[in-house]
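First comes the structure, then the notes that go with it.
Chain lettering (A, B, C, D, E, F, G and H) follows the sequence in which the chains are written, and residue indices restart at 1 in each chain.
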Amino acid sequence: MVKVFERPKALADVPTHYCPGCTHGIIHRLIAEVIDELGIVDKTIGVAPVGCAVLAYNYFTCDMQQAAHGRAPAVATGIKRVCPDSAVFTYQGDGDLASIGCAEIVHAAARSEQITTIFVNNGIYGMTGGQMAPTTLPGDKTTTSPYGRDTSKQGFPIRISEMLATLDGPAYIARVSVHNVANIVRARKAIKKAFEYQLAGKGFTLVEILSTCPTNWGITPIEALNKVKSEMLPYFPLGEIKDIEAGEKK
Amino acid sequence: MGKVTFTEERCKGCELCTTVCPVKIVVMADKINSKGFRPATVSDMKKCIACAACARICPDAVIEVEK
Amino acid sequence: MGERILMKGNEAIGEAAIKAGCRFFFGYPITPQNELPEYMSRRMPQVDGTFVQAESEIAAINMVYGAAGAGARAMTSSSSPGISLKQEGISYIAGAELPAVIVNIVRGGPGLGGIQPGQGDYFQSVKGGGHGDYRLIVLAPANLQEAVDLVTEAFDLADYYRNPVLILGDGLLGQMMEPVEFKATKLRELPAKEWATNGLRNHGGKTNIINSLVLDPHGLEEHNIRLQEKYARIVEAEQKAEIVDCDDAELAIVAYGSTARIAKTAVTQLRQEGLKVGLIRPISLWPFPVKDFEKVIPTVKSFLTVEMSAGQMVEDVRLTVNGCKPVYFYGRMGGIVPAPEEIAAQVREILGGAK
Amino acid sequence: MILDVIMAGFGGQGVMLMGQLLTYAGMVDNKQVSWMPAYGPEMRGGTANCTVIVSDAPVGSPVVSEPKAVIAMNLPSLDKFEPLVKPGGVLIYNSSLIHRAPTRTDVRLIAIPANEIAAELGNTRVANMVMLGALLAATEAVSTSAVEAALKKALPAHRQDLLPLNLEAIARGRELVK
Amino acid sequence: MGERILMKGNEAIGEAAIKAGCRFFFGYPITPQNELPEYMSRRMPQVDGTFVQAESEIAAINMVYGAAGAGARAMTSSSSPGISLKQEGISYIAGAELPAVIVNIVRGGPGLGGIQPGQGDYFQSVKGGGHGDYRLIVLAPANLQEAVDLVTEAFDLADYYRNPVLILGDGLLGQMMEPVEFKATKLRELPAKEWATNGLRNHGGKTNIINSLVLDPHGLEEHNIRLQEKYARIVEAEQKAEIVDCDDAELAIVAYGSTARIAKTAVTQLRQEGLKVGLIRPISLWPFPVKDFEKVIPTVKSFLTVEMSAGQMVEDVRLTVNGCKPVYFYGRMGGIVPAPEEIAAQVREILGGAK
Amino acid sequence: MVKVFERPKALADVPTHYCPGCTHGIIHRLIAEVIDELGIVDKTIGVAPVGCAVLAYNYFTCDMQQAAHGRAPAVATGIKRVCPDSAVFTYQGDGDLASIGCAEIVHAAARSEQITTIFVNNGIYGMTGGQMAPTTLPGDKTTTSPYGRDTSKQGFPIRISEMLATLDGPAYIARVSVHNVANIVRARKAIKKAFEYQLAGKGFTLVEILSTCPTNWGITPIEALNKVKSEMLPYFPLGEIKDIEAGEKK
Amino acid sequence: MILDVIMAGFGGQGVMLMGQLLTYAGMVDNKQVSWMPAYGPEMRGGTANCTVIVSDAPVGSPVVSEPKAVIAMNLPSLDKFEPLVKPGGVLIYNSSLIHRAPTRTDVRLIAIPANEIAAELGNTRVANMVMLGALLAATEAVSTSAVEAALKKALPAHRQDLLPLNLEAIARGRELVK
Amino acid sequence: MGKVTFTEERCKGCELCTTVCPVKIVVMADKINSKGFRPATVSDMKKCIACAACARICPDAVIEVEK
């Protein structure tokens, strides 16, 4: 018998602390698969955020740094400038990247920093117990939008990928999802392309991944995948939003 | 024919794998693992087509697939 | 090397860093330290180094974190408000035990304040403006030659102890020109950076992790105990001060940085008048040079701390003197640099009153 | 202390450079030296000034409140710095642009028509060198050869041909004081 | 009011702020203070108030600056790393003399550290984590009732002195539940906010300006002198401490906040053993309650400072005791809360050694 | 005789510290004209940045706050929430708004904060003596891009207006210029529209104004206006980039 | 001190609420009380616990290292907290889910088949109340009327009909200890 | 016919006004004001059409226009 599917080597052989059914786990595995496939584990340096993925430094077998909340792109800039031949990636949640770290991601993108950002958009602050994120959908209840996100006081969700795509710096920006197997396969392709572009020195790359937080959404993992499909997708359309090899797409 | 193996102790019982099997053989077992979760298992391995859908959606890399 | 070159303080600090092997500078403009990033933007490309104008001081300090974590000699600089913004990052660098050099060319505060020289950031520098129990090694040069020498020393100390080092200057030091000489000094064997996250291929395949998170409180306490032990070693080994004319002194002026060079002029004037006055000039502000004080406390009758602040270092002087002798304070604020005459007048008053 | 001097003028009059030259010359003469600019956000458009100290002992404060000498290249500078000159010191002012006489009686007053002399020399930009010459004559703070060395160093490679002109300007300034 | 309600610390602080008339809260999530912004997000709409989840702690503190400058009672809260990020903003608020209340529910540091209770931010709070010479009034409640009372007091002090006030709590205080009572207290007449920038129509047509920039160094020095005069008035009038059983005490434990309530249990145990032990509990950390110390210094023979840190407040104790009596220190770090038994053991050791 | 043109009342009757020919002065006057025309000086609160316009609090007769570098939108948020019936504006340079204050402006826009931002884009850090700004043109020499802005290391200029226009929050975003009289008149109209939208509660409004810095550009004021026209306009096209009353335009 | 107790169980077993009820009851009885949760980022999915103190004197530390009583709703909780019970204290464990016997011999051991009794009562969610009943019987820390008052307060308006069920569950728990 | 008035002491001599006058009457004066700047002035007021272009481009609000 041959192995059709096995745990990637770049994923450390330890259990994770993620809640049951949390798609952070899928995304971790996809990154590890890409690192394995490209054979770059010995020259990859990952940057863990502050967020549920803060312990990501325990889950990848490449070198890792843990960054201050929102500052992963700056930390990655420091690393990449020192190690220009490495593959440097940041792994960031929507609170981390779109809220407190907004300036850092915009400027890493504008500088066309040669890094890959994996942006895990689950529309909530998972780690701190379910507060509103910049990407929380209008009307959604969270612990800091207890009456539902009121856009007149609490603003509108930010579409980070579209926003960054207005810049000249990024080489590749895609929004993908992991709510079913077909999309997981597509997500993996996007991550791979992002790493390949980085290795080819094409510029800044970012893959936004729609993800779940069953715990703080207060629903089951299966229901959570359905919510991604039925509620998040309409607001956050999937696709390659910028690809310098292909011109702008939508 | 395929063969799927579960690292049962790592399973968190999220049930996602049960939703994607084209031949509907991934089910939840009737036991609790040491972490307190009800793990997933395969009801009828012979039917497995080794498509790896279950493995791909598992957030905890619990599943290995052979053919 | 060996040649004396007339340079602006900010630029001399930059060149000293380059001579010390620093190839990564991350900065953001702010008066009165602008010439430092500007100099680096000119020089770094010439030495195959990297200058990045970060989007903010916060980004800059976190770039330093990343670069230092990857094993490089990295540096950032700013002035008071910008240094305040770096406090979280500094606490992280200290917590993750990364070697890095930070320069603060202090101006008048608080808030936006002004852009003339100040020393109101002493507390922030030596007590920890960031959160948690950590320490920076803080070095305060009084002239450009010393600034140059201390920058070299700062990089070595940082690497030796895996600890951030802060160079505490002020607008005077940053803006003035003086001749400097770049000397090759090597005081310590430095450990190899086996912990650096520069890719497994560069360190034998074991995963390296740069991190300051320890969720288990017992683990975090152990981490803190280790840090405190390191700090104790630094306190033991790295105190630096200059003592001038204290042997027979009735009063010792205590001053650091630019203020100390002015105080020195005052001491000369007062000695000419026949007054027995000396100077203690802390060079390492943390660790505070307690040992040097201990040498003079038995004989000196009183202390006058002079600062361009409302009185910050004077607390460490008081802690050191511990009630044995009176400790007076004279301060100017807002960017006003005290004149030697003013300081001399204070001394005369104290000594007159003491008689 | 050999000399502490404040040099002041409009932005384009080259006072900063003049100060740096003197500082460099002091260094060549193996003196202790410092140069300190007045800096601020309003420097543009306004007046510029710097303080130079040449000394035998290590320099204490690089800023001085009572300089031994002042060079005023324009009226606002005279207005601002005349009161500060140390009694017995020297105040050198650019009489080409300053049409009021200083009022101090306890300092040596030296009027130098710097712009006119510079114009005579064919380049108004060397007015600062004329003033510097006057200062050197009045104070003898640094040697002539040191100034020459400083000038050589200060002029970029493709401007070394301006050396004679600058030396000439300094010489003319000197003469006016002797 | 008058009723005792069982509440979580973070929520009790929030409710106390609302009862004190605070209608503007700007926050950002961070453990262990999340329940405070969460509570405000529920409550503010009910009282016609405003809750804004800012994009960061920096934005939050600057929203407080704007709202306080416009004349409102405004508040923000965070925990250690988030408070570090606010340092520039805090320095601005102090420099511009705006009344505001800031809550720090301290966790273990440095860096990302951990999320269990800590007291490692004492230096940052009382010495100034930001740049320049400024002071926060720092109040440290030891239980929830006191937290509630001090929040009211904090808003009054802030308005009275036009100065930011920091409530220094910790994870224990933030997370625990205790009964509290919301009392209507009114200690001072508060001045009208004639300086507020809420539109000329609201204050007679004269332009109001909120600002901390003074480019002229003499002006900036004058501004600083005025600030220092204000701080001197606060030092004179606002020291607060609780003294327990110190009359005949051989040793006084010095502790604040959560640590103090534990120390109190230790004192009770030790007294039962017949040991003469008392407690000094600073409630205002700045101004440090020097006057209260002065009452006990003549009779108490030694001091033991206990903190959840490597030793920070102990410096202020040493400065206050000024060498007259020995000052010992016992600390836990990383989120470890010392047990009463541990503290008692330290005391026994000191007293045993002293005999 | 009748006055055809006079100094607006909302502009304080004091000389400014701006360099000769610096268009900050024109922009100040336009804002004051709009405040006068709308008759709102007694309910306007302005926020001065850190930048050459730091002293703006001395130049307007309405209430003013001086904000920390980059944080004017957060300060304005605080003010506006307290004084919802007022007109609150921020005045920010490109360093202030696009660099250090990037997160604050994105989030004020996303929240649709009811404020008006006057964004003075002169492609340089004026106050601190001419360092590179996020909007410095590729190849331009500044004191921190002494060899010309190298996009491969120093990144690409950010088009803030286009970037913010991807958000759902803003009601009005326009880019104008003051390099000649016709454009000055247009700039005034845009500022007025922004204030009117704010007063009508339509949402966040921003007017980006191309401006000069003759001092740090190292050219005369007249040459500086020409540089705006010939070099900045191609990179920063003028127009109403977003207008909720009119749909998106370009 | 009247009582300090650690209550622990799985996330959904209602240990936090049980603790708050006891705390509230103590308050009704005019005692000094405190409730302290164990908090952490890993609380989800894992076990939850809280510490309750009911006392005559003001509460010192709201966390205790040696509680007089422990309620263990599941095995991990028993494993973790059994060793901590103060000698002479009481350990109450949910024998419906815990199939190993505690090993301590210096404390009072009380096995309560809480889930089964709750199921008998028709609602497995009141297992925590059964345990609380047992604790109340074993310690007499607070009065029955205070618990009733606390329950009334804790139940939202539209759930007041659950009051009898909860009281019944507490009573059943009590009975098993008498 | 228009009339333009310069608050001469506020003029910084930037010359912008001289570039926009449709009738080309705005010129730089032959003097220096107390701030050291050469102020702008009008060479032939009769030609002024009171278009206010000069006033609109002046960064220092130096110019008032009447008609």
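FYI, a residue touches a chain if its C-beta (ideal position, glycine included) is under 8 Å from a C-beta of that chain, and two chains touch if they have at least 3 such contacts.
Bear in mind the structure is a predicted one, so any value in this text is a computation, not a measurement.
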- Contacts shared by chain A with chain F include exactly C, E
- Item | Chain whose mean Cα position lies farthest from chain A | D
- Item | Dominant chain pairing [most C-beta pairs in contact] | C-E
- Go ahead and note the Å separation of the Cα centroids belonging to chain F and chain H. 26
- Note on the structure: So, in whole Å, the Cα centroid of chain B is separated from that of chain G by 38
- Item | chain A and chain G, separation of their C-alpha mean positions in angstrom | 42
- For chain A paired with chain H, centre-to-centre distance based on mean C-alpha positions, whole Å: 58
- Find every residue in chain F that makes contact with two or more other chains and list them. 19-20, 54, 66, 68, 99-100, 102-103, 106-107, 111, 127, 134, 153-154
- Considering chain H alone, which of its residues make contact with at least two other chains? 12
- Message: Can you list every residue of chain E that touches 2 or more other chains, as numbers and ranges?
- Response: 31, 50, 52, 55-56, 58, 81, 88, 92, 96, 111-112, 115-116, 211-213, 215
- Show which residues of chain E lie in contact with chain G when the two form their complex. 4, 6, 31-32, 115-116, 143, 171-172, 175-179, 258, 261-262, 264-266, 268, 337, 339-341
- Note on the structure: Contacts from chain B onto chain A in the complex sit at residues 2-3, 9-10, 12-16, 19-20, 35, 37, 50, 52-53, 55-61, 63-67
- Touching residues on chain A, where the partner in the complex is chain F: 99-103, 106-107, 110-113, 134, 151-159, 162-163, 165-169
- Parts of chain C lying in touch with chain E, wherever the complex brings them together: 58, 80-81, 83-85, 87-88, 91-96, 106, 108-116, 118, 120-121, 123-124, 127-134, 211-225, 227-228, 309-310, 312, 315, 318-319, 322-324, 332-336
- Residues of chain A defined as touching chain E within the complex: 50, 54, 66, 68-70, 95, 99-100, 102, 125, 127-129, 131-132, 134, 143-147, 153-154
